[in-house]
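Here's the structure we're looking at; comments come further down.
Letters are used for the chains, namely A, B, C, D, E and F, taken in the order the chains are written, and counting of residues starts over at 1 for each.
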């Protein structure tokens, strides 16, 4: 991926960090499936499937561990 | 998400921390499926499915690792 | 959940910590499915399914990481 | 579980630690399905299923993280 | 695998680290399925499956935890 | 398992560490299914299944976290 999408793991707030974790989860998908059109089509399906949503939330949780540690848990 | 829903990872007690982990797990879903109506409909199904419940508990467990570390394990 | 079920992550022994991890895994389910009757019914099924049992053991393992760290690994 | 099966997370060697991780994974199952007869019957099935074996290995890996940290990685 | 593909976990930037995590995830597959032809064929399928993409993103997230820790989170 | 297969988590290089993580993932399977014949038969199947390969890569990633931490990330 040639463009620059991740400058730092530092965020101002915990919520910003959670939203960065969501971005990381989505980028993990995008590197495998670069087509916006395909990803949007797939999202229509999995956003209506409880197990798919739980799985998505799990990837966010794992990335949030990383971002939170990187920020010293915003203490 | 424009509103502010996460102010801090600090909680007074371990149980409050566990409940924050549950909130994080649910917010991880909500960012993908913002519709309250859809999420409530899906919950009716997965709350009766053992594997779905185990998966949900796993996401809570991962988020609880983060919250517990952020609080120095309430020692 | 109004009642107090988690006072501390500190336990006297490693085995007590493992059993607390099991409790955390079950509470992660209970927050999503509060009905004792439904959970007991579901347990009858998944307790006879190898993959469900492995998944349950995984949630315990994740929670045990948290509890063990909270206790300095009982060293 | 009334009997004492886990005395410590400390082991003499890394391999002993890995074997303790296996024990923890199995105990995570046993607390949910206490019947030796049922577990042995289920094992006959999942020991012939590649995905089930991978899932079992994953639970061992998670527990091994805990045991290895508890032992300072046997350095 | 006889050739040298991993020199270090150190990267200049967080984004380089994320891309190394992707490489680690792919190498984890390659050690089990060394055939480029088979892996490319399989990718055509799973790149159109939402759950497969989420699972792939999860492996990246786990590897990114390792790479980020190795780099002190690029602070 | 009577023979000695794991002497240490220390490795000279990051790549050696990744390969040790693969060995740990495979040993996690072998303790449950000791038969080389059965494991080889199963491998023929799952090595052609994208989701199985992703799951295998995930177990490697988890074990690599352990090995990398044990080696101070080869810094």
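To be clear about the criterion, a residue touches a chain if its C-beta (ideal position, glycine included) is under 8 Å from a C-beta of that chain, and two chains touch if they have at least 3 such contacts.
Keep in mind that what you see is a predicted model, and the values were worked out from it rather than measured.
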item: Touch-network distance, chain C to chain E, counted in steps; value: 3
item: Label of the chain whose CA centroid is most distant from the centroid of chain C; value: E
item: Equivalent interface positions on chain E and chain F, same or different at half; value: different
item: Most distant chain from chain D, judged by the mean position of its C-alpha atoms; value: A
item: Chain A and chain E, separation of their C-alpha mean positions in angstrom; value: 16
item: Approximate Å spacing (C-alpha centroids) for the pair chain C, chain F; value: 27
item: Between chain D and chain A, distance of the C-alpha-averaged centres to the nearest whole Å; value: 31
item: Residues of chain D whose C-beta touches two or more other chains; value: 43, 46, 51, 55-56, 58, 62, 65, 69
item: Graph class of chain-chain contacts, one of line, ring, star, complete, other; value: ring
item: Order in which chains appear around the ring, chain B first, chain C after it; value: B, C, D, F, E, A
item: Residues on chain A engaged by chain E in the complex (per definition of touch); value: 1, 4-10, 24-29, 31-33, 38-39, 42-43, 45-46, 51-52, 55-56, 58-59, 62-63, 65-66, 69-70
item: Chain B partner contacts - residues on chain A that touch it in the complex; value: 13-15, 18-19, 22, 43, 46-51, 53-58, 60-62, 64-65, 68-69, 73-75
